[in-house]
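My questions will all concern the structure given below.
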């Protein structure tokens, strides 16, 4: 059951990913991207990370991709970018190289798995915010860690978002 | 094969990552390149969440939250730049964005 | 009498008003009124102070206004002394008399100036009155100052004002030259004066006149037997200062040139007040001088020689003001003669009477010049007594007074001097008497050439060609009342001033001598025993000098009224002497040849040294610097720059290859990153 | 197998069917109430008092020809209504009709976040529907709609956060239970939040007075102008489902959900005779009626006024409310 769900989700995620980068229309790309993200969110749920899953939907699907959709619709293209090409492009080589890297990575994973040196199911981590079996506590614990251990990074992230917001307004507005 | 280990998630993550990389390398529409970058970030997130579950440690999920925050910032500023660029050049072809070349 | 510090201050305020505000915004009349008002106030205060002085038992009042130089420990002959100078003013009989002279005559001359200076532009008038008031300010400080240093402030201040006023018409080259000459010559005298002050402090540890006098009185008199001591040196140095300020040999040359200034200035500064400062200073230090008899001899000798020499020059001068200038020098010589023989009171007395009649004569001559439209040459005057009777009358009184005809003031003061000189040395008396005869001659020569005979001046111009003042000159005319009334006042003074010093021989009591006595002695000193009075000798001397004066007058009358051509005949007959006198004994030329050209040539030498050696060294250094700089330039250009350029060249040539990598395509960069990832992962894989 | 698949599927079937039937009758209610409000009778022909109109309308829509515009993006054009309706229905999976198992489908610990995130997906349907029609007015309407949705979503989420702070949980049942423990509906604890969420809900469902994306006078019908037949009815369903969702959320979070009024007052215990889900449905019905009532009463805002209200009034108030709630939470 678990394996079935995983393979189904993995197949869909990879397939949608490929469709994202191969779709002709940018709008279709965006659509596939949304679906991809929703499926990733479901994957998170299976990994008992409900909060992250919800955030994934709320921020990625509900926020960032909407932004992409807006931009795609605003940038109405008179000529598709793919029609013109620069001779110095390295697309084909890049494709091959990426495939090679992927193969290598899989080889590494395979090799590791074959040697049985997979990380132990219960790592000897004594760090306090351990995930309890009770999923109810996931959000609370995450909140606790974010607001104690990672308070300063969290605040820095909020400042980053503020700066990004102002920057985006300055960049995109015609006359301030 | 029926037992799902973090290695499976790692392979999934690597594959999604490479799909994103290929998108960055191949596509010429800069918006799609940005979306490919989002795919890459998601690949990383999958890995983080999977290992967080495996190690029963929340730090992975904390980092996912930060990655999402950074992704949001990146998307906002990046798309702002695209809009500004498009307003001046009427194009989103990355091959034509080579003003800083010698 | 505590208010005496106000007396100098009021003219000072007047000067400040005129100088700071007046030059820009006062009308001519306002400027004159401000200055004259300040002088009137000062005069009134002076009168009050003098009356109080007369009424007080102790004839010495010192008022300390403020501290000036705080106590500074300084080396003196008697160990470490405290150098402290307050702003202190002294009122005693001598300064009181000078106070009245300065403020009184000053006031009259201010009034006169209002009329005289009327032709000047508005700002010039204010400037003139500013200088005039400033002069009075400094002069009063000089007179009232109770220490050498305060006096020196006034001393230098009047020198400055003298310079400013001589050069009042600064656009005229001769005027500004004369100003400079006066200033520079005075510097030489000031050098002596200030050395004397240093020595005074070093010797006595104080600069206060009274304290110095008391200290000096305790020291022995430095007669020839004792030797030339420190007091003699002090006195000599002080006397050098006096010769500068009071125009004595050898520093008299500036005074005749100073006549370039406006006539009221000549009257006030160069006749009545400033030039007598030297005499005043010597009188002020009478105790010191009486302790240095050898210097007294020098003073007397210088005085009489100056008197004689100036009188001889005065015989042949044709410029009306120059005659009076040489006369002034001559009369100052008289005063120094008097101080030299110990007759300080007589000197002061003559100073006072001289102030009256010489101021009168100068103002009269100013009136004449004014009437003649700035003409000063007597040969172009004549017959003016019909045109300007009041000037003629007052100037006659002045001339009679200076000639020494009784009972006018000059007679009493001059004969007092001559009598005392005779008692001291008949030789000096002889020279003085000859001078007196010459004085009578040249004064009446002046009167006759100016007021008698035919009019020889230029014709009045009907159209009024440019005379610089924008109005036509209608021929000689009497001056306005503002100018004539001071003449009258001074004439009254010239007539009656002498009566304060009627000698005992003529039934008087010589009040002024008794009055001034406290200033020339130290308190508590025993009164010098009354010299035995030789009334017969005195009467004889008086009669002789009156005869000489009358002779001089008659000689002048014969030569310039009866037979005007006789003077020229005389000049032709004594051509050599005449030329010598006309050229003032060639003293200016002598000075030019020695002092001036000496300092010029030494300056030139220094200049050459500067140009040759100093500049040469500087230029040599510069040349050396340039040479070394050139070397380092070459080094810099070919070695250092070469290295730098080499680096740049390598960078540039090297980057031709590398810049091909910068395609501007982001994907190429991403590809490079991917290559790196590939390499890294491969290494990881193979490395295992 | 029974617990994981069969029962949930049954629950879903019941709920979806009930929802769709409710929507048809909701349309009828709207027409009748509007009619009465405007001194009309409303639909009267089909059945007694026009009751059967609720059945006839869906039939008409199903039978109509489904037209796709010539230059439309066919794939997206079809996907858009689905993407619009699915989130609206998915939300109901976490809305509890009662505290025990048969009354809810899923009880997840991030229930409220789930609702918020899923409703935020709904905007895709509108944007894509407008864009894929390849027509001017639908595109404008869809841009307007998405801007409006995103703007008001911020205000609503901010406000809901303050409620979450008050309740101390994101679980929907937990929030209702918190109201029982407090003894007060949160409408009385957070009145500002209550009003804000309701206003935000009006805007998010494009209802009057914020129905600019569907302003007929300006946009000839809104983003679904080019739609017809069943695809149109999916949009239609989604909109009304969203209205029900908003009503349900307001009822749950501010009006005690399935609880009777004043659950702590023993004197009112007789009201417990009425089952909890009836109470909940009654409350939802009240808010549905309120939606219609407001539509009949208020005029429409101008678009710039709409955005100004969202950004300059609602969001600042929401933030202020959040800060005050936080302070109160710390102090009390």
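Annotations for the structure displayed:
Here the chain labels run A, B, C and D in written order, and each chain numbers its own residues starting at 1.
In the analysis below, contacts are C-beta pairs under 8 Å (C-beta built on N, C-alpha and C of every residue); 3 or more make two chains touch, one makes a residue touch a chain.
Computed from a prediction, not measured in an experiment: that's the story for all the values here.
Distance from the centre of subunit C peaks at D, each centre being the average of the chain's Cα atoms. Distance between subunit B and subunit D, defined via averaged C-alpha coordinates, is recorded as 34 Å. Taking the mean of the C-alpha atoms as each chain's centre, subunit C and subunit D sit 113 Å apart. Rounded to whole angstrom, the centroid-to-centroid distance between subunit B and subunit C, based on C-alpha atoms, equals 101 Å. One inter-chain figure worth recording: subunit A and subunit B are separated by 6 Å, centre to centre, where each centre is the mean of the chain's CA atoms. In subunit A, the residues that touch at least two other chains are 51, 55, 63, 70, 86, 89-91, 94, 98, 101, 105. In subunit C, the residues that reach two or more other chains under the touch definition are 663, 665, 667, 670-671, 674. Contacts with at least two other chains are made by no residue of subunit D. Listed by chain label, the pairs that touch are A-B, A-C, A-D, B-C.
Within the complex formed with subunit B, the residues of subunit A that make contact are 2-3, 6, 10, 13-14, 17-18, 20-21, 26, 29-30, 33, 36-37, 40, 43-44, 47-49, 51-52, 55-56, 59-60, 63-65, 67-68, 70-72, 74-75, 77-78, 80-82, 84-86, 89-91, 94-95, 98-99, 101-102, 105-106, 109, 112-113, 118-119, 121-123, 125, 127, 129-131, 141-142, 145-146, 149-150, 153-154, 157-158, 160-161, 163-165, 167-172, 174.
Interface residues of subunit D, counted against subunit A in their complex, comprise 73, 75-76, 79, 108-110, 113-114, 116-118, 120-121, 123-124, 127-128, 131-132, 139, 143, 146, 150, 153, 170-171. Listed in rising order, the residues of subunit A touching subunit C in the complex are 86, 88-91, 93-94, 97-98, 100-101, 104-105, 107-108, 111.
Subunit B meets subunit A in the complex at residues 1-12, 14-16, 18-23, 25-32, 34-36, 38-39, 42, 45-46, 49-59, 61-62, 64-66, 68-77, 79-84, 86-87, 90-96, 98.
Interface residues of subunit A facing subunit D in the complex, by the touch rule stated above, are 25, 27-28, 31, 34, 38, 50-51, 54-55, 57-58, 61-63, 66, 69-70, 73, 135-139.
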